[in-house]
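Structures incoming, each one as structure tokens.
Common to both upcoming complexes is subunit A, partnered first by subunit B, then by subunit C.
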Partner chain A sequence: MIAQYPTTWRRPHQIVPDRRLRIALQIGVLVYLVLAFSTVEVNWQRVTEGMERGQRFIMGFLQPDFTSRWRDISQGLIESLTMTLTSTVVGVLISVPIGIGAARNLVPRPVYLVCRAIVAVSRSLQEVIVAIFLVAMFGFGPFAGFLTLTFATIGFIAKLLADDIEEIDETQAEAIRATGGTWFQLLDYAIKPQIMPRLIGLSLYRLDINFRESAVIGIVGAGGIGATLNTSIDRYEYDSAGAILLIIIAIVMVAEYSSSYLRKFLQ
Partner chain B sequence: MLPVDWCLRSRAKRIAIWMGWLALVALFVWCWQIMTETTIWAFVWDAPRQAQDVGGRMLPPEWGYLPELMQPLWDTLNIATLGTIGGVIMAVPVALLAARNTTPSATFLRPIALFIIVASRSINSLIWALLLVTIIGPGLLAGIIAIALRSIGFIGKLFYEAIEETDPKQIEAIQATGAGPAQVLTYGVVPQVMPALWGISVFRWDINIRESAILGLVGAGGIGLKLNASMAILAWDQVAVILLLILATVVVSEWVSAVIRRTII
Partner chain C sequence: MLELSSVSKTYRTGDAALSDVSLQVPKGQIVGLIGPSGAGKSTLIRCINRLVEPTAGDIVLGGKSLVSLGGRDLRRQRRRIGMIFQEYALVERLTVMENVLSGRLGYVPFWRSFLRRYEGADIQRAYQLLDRVGLLAHANKRADALSGGQRQRVGIARALAQDPDLLLVDEPTASLDPKTSRQIMRLLTEICAERNLPAIVNIHDVPLARQFMQRIVGLRAGTVVFDDAPSALTEDALTEIYGAEDWDAMRKGDDEQAEAESDALRQLAEVGA
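== the complex of A and B ==
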């Protein structure tokens, strides 16, 4: 009877246990990969020509040149940093009422739907695409960048804030309601203490994201360090471009560590 | 004597908090002044008229342009998918080196892996594309590599955190059977993190679809190229069609990724 038991063990497949479905999926993936790779046309001559540039870029990254373009770099950095701070502050100020409005447990249904719609619109539009339009409307420069980042901040903070308000401890709100508190007193004494640490944490996190994004939207003309980076790459000044990228990485690292430290400290 | 009004904080604390807010306001005003130094206000006040103008030109969208967009859309999907695959392939070893419980050397290799993750995360795919287009020329390949390089950081970070959260008991059980390090990995670690890896990859794929739609702005192929071309000739009715198509693609990909993640996890 023992012979009937299998002598070897095969680990069952985790994600797709059905063997036939698995094979079908694998064939599908294979067909897709063949089709997808056939659309990628690579001009190998251009690639080999570009390798020399690639080498120069890596050299530029290893020996960054901070000095010769320092005036432009510092100008771009100041624009980026000021843009980041102002847009985060204004974005948070606007997103607080919208976030409260998008919380199902605090407001009537029509207000909830309007606020959720604002959040959905702000979240579904790419920053870069928004920046293109705002640059067309408000002209080149950091002001368009400020508006773009503010717009993006609203969707981000308002959604997370609304989700947090919906998950608060209802008993505290109930207690304030039982004392006969008005809606604003309810906000002040029951909601605010519960979500304030979280809101500050989210704002710091968004500050970090906004700086990263400010480096990107400059490429489409919205000012900041991205514009400087774009110019330096267009001029093939890879040593300056390397310096800018290193500065961006350094600032992002500092921002990430200090914001996560601050968030831990606050909570 | 009892205080008349109840207050949450002491007087000194209240003043400190108030000063903190004052400092923030001062910083904001100062930054605002620096930022708006070079702003041409005539353009800003002119904005509503410009918006009306652009809006008027976008309507009605030129739907006849839609068939021409299918090839670039396919390219965009390929950039996102192949880029994600490339990113996953590169991110897995980096994550194994970065996770505290699987790294071969915590003092030497782990910091390097963490630096790779941070560097990849802090540079947006559009900047990677900008660099790669000048290096290997415009086209899909630059877009795919840009997406892959940006994905390393994201996938690597989430995946190494998933590896660090694995249950050590299961790994110990495999070790107790006398398995080698490779066998511990395949039978102890992999089964625990496989669903997480799939979930993270699909999540990143969804983000990559959004990002690859705009990579064409710097010449890296896909639907962004068409967007750039239409904007260059101020054909706002074509721009409207492209934006709606991008929006539809993003919504569909978000739905697909949500469904896949729900079935896996």
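== the complex of A and C ==
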């Protein structure tokens, strides 16, 4: 009886079922890759020079010099931390109402569209580009950095918060609506309890993103530890640069561990 | 007294969920609403407190029409209508006490509800209600720490905190075990009797409806096809509500199942022999 059934089975190809087309595509990709690699010009002399410089860089890391530029480093650090904290607080405060406005299930359509547009603008501009623009407007220094990070925080938190509000348990909201509560009471009793842990988690996450970003935007002139790092590399002081990078790594790790601990505690 | 006259609801997709439903529920009466899934039971009770907007007809509660209200007037009327939900619909991260007090939202100004500074009388009544449903000791627990039956009793306390003139109950026992279901139904009927409260109860458990309801309304494809005392709910009436084909199909399915089982038994016996 069982002899009538085949003994072999192959998983059918999901993406390109036709065998000939599949082989043609594979050959095409291979040819393209070969051609693409052949156009990359490698200057081997510069590569060896670069390796030498990289070696000095690594030596600098191995002997980090915290002391000789400590005043610049500490000043940059304080600027960065101030920028990070203030921009996160202000950014979260602004993004909460925008996030609520960008949740389709809570607001009329025009409000939704306006808030989603704000989110889209904030998210489509990369931090470095915004920083360059704001440095040109307000000059070098941490103020431009503060504005940049606040702007980026709004897009990040408002979008994730809005998506979260759209996925809440609707029956809880329905129950509060059925008691005759107002829209603000609905927010307070049905929405807030459902999204609060997530909002706190996102804010902590954004805090450590903002610190890392503050180092990057410092390079384009927005103050903070990034500016110090940039200066030390320009001066070929790789030992100080190594010290700065180690400090950044340490702070990011502390932020990472403490925020994940806090998030677990708040669940 | 609740009066529905020719209530219809057509969803935007064109599905007619209710057509021309007329009902009168006098004070103190508990009405069971039965019918197959998709018959419009949920839509009907949600039309009454306007969580769903009816497309035609009139709904009058205690001499006041509910269909044309908006904004503040709608909230004023909603607070007179307590609602109890299938999956309890408690706000899980709030405490039991906050859930019960949320029944007062239609009565208190925003700052009181926001600061949780309810008036003494409201808090006293909330404690009294929690005691009535047997959960006084759990007032400060989070709602998600309770069992299903306990959660539904918090749901009942929340609805009663509204000081309602009508209870809407949507499948109160669908997520509960049979014993807890009976306890919840008994509690509901007792409370309605104590307060002379009318209630409309969506229920898909026919024996439970027979046991606890004073009157049964059968809904089929959005129209009322049965409206009488539970004793009049005969086999024929059930067929009228749930459809003849379904009963036959179910029975046929049972036959097939029985045949398959006896066949399996026979084969087992042969192998053993």
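Simple rule for what comes next: the second predicted complex is superposed on the first by the 239 of 267 C-alpha atoms of A that agree within 3 Å, B and C clash if a C-alpha of one lies under 4 Å from a C-alpha of the other, contacts with A are read in each partner's own complex, and residues count from 1 in each chain.
In this text, a residue touches a chain if its C-beta (ideal position, glycine included) is under 8 Å from a C-beta of that chain, and two chains touch if they have at least 3 such contacts.
Not measured: the values here are computed from a predicted model.
J.: See if subunit A has more residues touched by subunit B or by subunit C, and give me that chain.
T.: Greater contact footprint in residues on subunit A: B.
J.: Once chain A of both complexes is superposed, is A:Ile132 in touch with subunit B (first), subunit C (second), both, or neither?
T.: Touch partner of A:Ile132: subunit B, not subunit C.
J.: After superposition on the shared chain, which partner residues are touched by A:Glu174: those of subunit B (first), subunit C (second), both, or neither?
T.: It touches subunit C, and subunit B stays clear.
J.: Tell me the contact category for A:Ile15 with respect to subunit B and subunit C: first, second, both or neither.
T.: After superposing on A, A:Ile15 lies in contact with subunit B but is clear of subunit C.
J.: A:Ile248 contacts which: subunit B (first), subunit C (second), both, neither?
T.: Touch partner of A:Ile248: subunit B, not subunit C.
J.: Counting only touches as set out at the top, which of subunit B and subunit C does A:Thr7 meet: first, second, both, neither?
T.: neither
J.: Which part of subunit B faces subunit A closely enough to touch in the complex?
T.: Touching subunit A: residues 24, 27-28, 31-32, 34-36, 38-40, 43-44, 47, 50-51, 54, 74-75, 78, 81-82, 118-119, 121-124, 126-127, 130-131, 134-137, 139-141, 144, 187, 191, 194-195, 198, 210-211, 213-214, 217-218, 231, 243, 246-247, 250-251, 264 of subunit B.
J.: Using the touch definition from the top, list the residues of subunit A that touch subunit C in their complex.
T.: So the residues of subunit A in touch with subunit C come to 169, 171-172, 174-182, 184-185, 188-190, 193-194, 196-197.
J.: Report the residues of subunit C in contact with subunit A in the complex, numbered from low to high.
T.: 49, 51, 75-81, 83, 85, 87, 89-94, 98, 102-107, 110, 113-114, 155, 158, 162, 168
J.: Note which residues of subunit A are touching subunit B in the complex, please.
T.: Contact set of subunit A toward subunit B: 11, 14-15, 32, 36-37, 39-43, 46-47, 49-51, 53-54, 57, 78-79, 81-83, 85-86, 89, 124-126, 128-129, 132-133, 136-139, 141-143, 146, 212-213, 215-216, 219-220, 226, 229-230, 233, 236, 241, 245, 248-249, 252-253, 256.
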